[in-house]
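Both of the next two complexes hold chain A, though its partner changes from chain B to chain C.
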Partner chain A sequence: MTLALKNVVKRVGADTHIYDTSVELVSNQFNILLGTTLAGKTTLMQLIAGLEKPTSGEVWFGGKNVTGVPVQKRNVSYVHQQFINYPHFSVFENIASPLRVARFSKADIEQRVGRVADLLKLTPMLGRNPSELSGGQQQRTALARALVKDADVVLLDEPLANLDYKLREELRDELPKLFQDRDCTVVYATTEPIEALLLGGYCATMNEGRITQFGETAAVYRRPFDLLTAQVFSDPPINIAEVTLNDGRFALNDQVGWATARANLTNGSYRMAVRPHFVTLEPSSEDSIKLEGQVLVAELSGSESVVHFEVDGLSWVSQSPGIHAIEVGKTTEFYLDKTQCMYFGENDQLMAA
Partner chain B sequence: MNKTTYQKAWFFVLPVVALVAFNALIPLMTVVNYSVQETFGDNVFFWEGVKWFEDVLNSERFHASLLRQLMFTGIILAIEIPLGVAIALTMPKKGPWVSVCLVFMAMPLLIPWNVVGAMWNIFALPDIGLLGHAINGMGIEYNFTRQPFAAWFTTVLMDVWHWTSLVVLLAYAGLRSIPEDYYQAAKIDGAKPWAVFLHIQLPKMKRVLTIAILLRFMDSFMIYTEPFVLTGGGPGNSTTFLSIDLVKVALGQFDLGPAAAMSLIYFLIVLLVCWVFYTLMMKDEDQ
Partner chain C sequence: MKKISAVPIIYILFLMLPIYWLVNMSFKTTNEILGTFSLWPQEFTVANYVKIFTDSTWYTGYFNSLTYVGLNTVISVSVALPAAYAFSRFRFLGDKHLFFWLLTNRMAPPAVFALPFFQLYSAIELFDTPLAVALAHCLFNIPLAVWILEGFMSGVPKELDETAYVDGYPFWRFFIRIFLPTIAAGIGVACFFAFMFSWVELLLAKTLTSVAAKPIAATMTRTASTAGYELGLLAAAGTLTIIPGAFVIYFVRNYIAKGFALGRV
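So, the complex of A and B:
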């Protein structure tokens, strides 16, 4: 079933939470809303669910305008960041609650709950109360409640954010499988670019109440239409520098520059963006450009070294595999992979990548 | 494991021990002392054993006032708890009206008990009181100093007016602590308002309501000042609750032995009911 927003605007008092947004989400796929807190992800999901009414514009479910339709008639399910379960119901009753409201037969309820519980490894917990479960199990229960319903639209609002690292990885791997052969459109909000890439599907990058781009997740990541999208879809933050193009040569400053074969670009100044993992401590190819900078901060994250450094007053982030001993304050060499640079022209639109 | 004992620590609890001794233990033991002896003044005591307890437990007068007390407490709990929850549910959740409502709600709680009694006494007077006059004006004969039913009606109404606010404030605090997400989840499931109340609001309010019921039980079971000022226990003995009866026995008749025994029985009833109720309510919480 297709899910479309047509010129949706949401204002609360004098604040605009969602600016004129039109998007058609892809059926039977993960549609990821990626953006920082307050980007409008939750508001957009609540508009889709019908928990909020758009100030103007329309919400369409499968060729039907559902803008004024209340949430309980839209056949959606919603999983919140904070695990929401009915406190004095057992896990079984919690999962069964949407079916009970919909007046399913007893045998039907038992069969459906059993199947979903099996899928989410909740079968041994069915008799317990939510307060006796771990965070991961509580969130699984909430997920089971969303799954059991066979909703047309499943909205997952940062469902993994409150779980610890290990559980998060585990559930993230399972999630796409859970929805694999279901006829439903999944909308998944996250603040983490890596999560978006791991889940795949389609992605809408959001910034301050606007969708900056929508498309296949990998494509949005590789070819962001504008600088803002590139910024939203990068963690650690993407490096941005002003460069000037003069007769086939980009110049970063007086010393650093590189030749380019891109014929479609006219001479002038551009904003160049390059992801931190293409600025490394060791050259990755013969195309690498050497940058000398003073180290500001060095941190280890897992098996990677993230180094913040400064070149001519402009700060950069480098992300290299392996663990390196970096001295703060020392001038160090970094290598920029020039083939991975993206160039943005007027209005920060992508000109070349 | 070697356990080191610091005898010095006793010095630190000494002030508390002294304080508790003076304001609870010694008065309580004095009552125990009176409850097993007969005295004719001049500090001359004769041992009586459990005679006073037997007397009190077998006295029809005690049974009658205990029954009145239980009825009164039962009635006001049955009115104030549901009414308090209902008012809390209708109060605004946000906006400028929240503080206005809260201040209005808190007002009856700020009035001294004897003032409440005096206020309602005048308010309910059949000839000049606003309430009494209005009821009589409707053609219903009403005189709380003469009719037992009218006296009960006025006392219950006064207590509801005075104390429902406490339940409202507690229930409102409980309601406010429920995250908005719960209501959204219920909406998505298609739950009706009644189901939301039964399955989300009520379970989430369980703790505060337990406290509210306990407080209202204790306070109403020991009520003295307001009915004393309003009806003086009358007409006849119709509103003579336990504490009013106790004061009559102790200070009116100066029967210190039976009064002491009665106090202890009274105290044990309150303690027992609170303990049983609290244990029952909190049974699942501890799991």
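So, the complex of A and C:
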């Protein structure tokens, strides 16, 4: 079923939460809303669910305008970031709740709940109360309730954000499988670019109440149409620098510059963006551009080193595989992969990548 | 061995002493109370209690009190529930002011309202009925119940409401099937406070009744003044007035502290 928003605007008092937004989500796929907190992801999902009414504009499910249809009649399900279950119901009753309201037969309820519980490994917990479950199991219960009713649209609002690392990975791996054979459109909100990439599907990057770009997740990542999208879809934050193009040569400053074969660009100044993992401690090829900078902060994770450094008052982030000995305050050499630079021109629109 | 501190023990003895003395007196004859000083009854008697449970002028007092207190508790809490829900879930013009204004009703002594209530109820023939007292007590119990319930309700994430709507629950079904059980403790506490304040309120209860709906507290004061000093009987009656409160408090004992903080802990 196709899900479309047509010129949807949401204002609360003097604040605009969603600016004029039109988007057609892709059926039977993960549609990821990626953006920082307060980007409008939750508001957009509530508009889709019918928990909020748009100030203007329309919401379409399939070929039907459902803008005025109350949430109870939309056949959607919604999983929140917090683990929301009915505290005085058993896990079984929690999962069965949408079916009970819809007056399914007893045998039907038992069969459906049993199947979903199996899928989410909740079968041994069916008799317990939600308060007796771990966080992961509580969120599984909420997911089971969202799955059991065969909703047309499943809205997952940062469902993994409150889980610890291990459980998050485990559930994230299961999620796409859970929805694989279901005839439903999944909308998934997250603040983490990596999560979006892992889930794949389609992605809408959001910033301050606007969708900046919508397309296949990998494509949005590789070719952001504007600088804002590139910024939203990057963690650690993407490096941005002013460069000037003069007769086939980009200059970052007086010392650093590189030749380019891009003939379509006219001379002038551009904003260059490059992802942190293309600025490394070791050159990736002979063509790498050397940057000398003073180290501000060094963070080591198990498999990579993230180093913040400064060149001429401009701070950069470098992300290199492996563990390196980095001395804070010391001038260190970094290598920029010039083939991975993206150039943005007027209005921060992508000119070349 | 654990060290036992003297101060709390003295404090508890100090608190319990009047209650002990009341119970002590209730098992004595009036003569013993007036004649001798004794730490426990010399001639143990239950005659005082027997009189209360057999004499209709006494036990109807309890019956009347329990009737209007029960009525008041039911009215206060059931009216306060939707109001508290509105305050906890919706933003509307002047909501904060209105919410605070509710509590200012508690700041005037009930005596101020005795005369208007008396006049009003006489005019509409509500005077001397349990309903008169029950409604009058709503004046301070509804705001209190709204405050307590709002605190408990705000502790429930609004996402629970949304989940229920998504599941297909219409509002009232959600409210009764999902929401009320979730805040059961808060309802218990609100009931307790409504019960307690209505039970101990004397002035309005006395002013708005004469014979048919006379509360127990009124019975007690009148007996003391007209029939001489029936101290043993009075003590027994007093002891019995403690029991309903103690009984109700038992059910909400784990939530009382939260109730005193108006549900905001």
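Before moving on, here are some points about what is shown:
Just so we're on the same page, the second predicted complex is superposed on the first by the 353 of 353 C-alpha atoms of A that agree within 3 Å, B and C clash if a C-alpha of one lies under 4 Å from a C-alpha of the other, contacts with A are read in each partner's own complex, and residues count from 1 in each chain.
Definition applied: a contact is a pair of C-beta atoms (placed from the backbone, for glycine too) under 8 Å apart; a residue touches a chain by one contact, two chains touch by 3 or more.
These figures come from a predicted structure and were not determined experimentally.
Clashing of chain B with chain C is the outcome of superposition onto chain A. When the two complexes are overlaid on their common chain A, residue A:E132 makes contact with chain B while staying clear of chain C. When the shared chain is aligned, chain B and chain C each come close enough to touch A:P98. In the superposition on chain A, no contact is made by A:L300 with either chain B or chain C.
When the two structures are aligned on the shared chain, A:Q72 is found in touch with chain B and with chain C. Applying the stated contact rule after C-alpha superposition, one finds that A:I84 touches each of chain B and chain C. With both structures placed on the common chain, the touch criterion links A:L51 to chain B and to chain C. Chain A residues in contact with chain B (one complex) as well as with chain C (other complex) are 46, 49, 51, 71-72, 76-78, 80, 82, 84, 86-88, 97-98, 101-102, 145.
Contact residues on chain C toward chain A in their complex (touch as defined above): 157, 159-160, 162-170, 173, 178, 181-182, 184.
Put simply, chain A touches chain C in their complex at residues 46, 49, 51, 70-72, 76-78, 80, 82, 84, 86-88, 97-98, 101-102, 142, 145, 149.
Considering their complex, residues 46, 49, 51, 71-72, 76-78, 80, 82, 84, 86-89, 97-98, 101-102, 129, 131-132, 145 of chain A touch chain B. For chain B in complex with chain A, the residues that touch the partner chain are 179, 181-182, 184-185, 187-191, 195, 199-200, 203-204, 284, 287.
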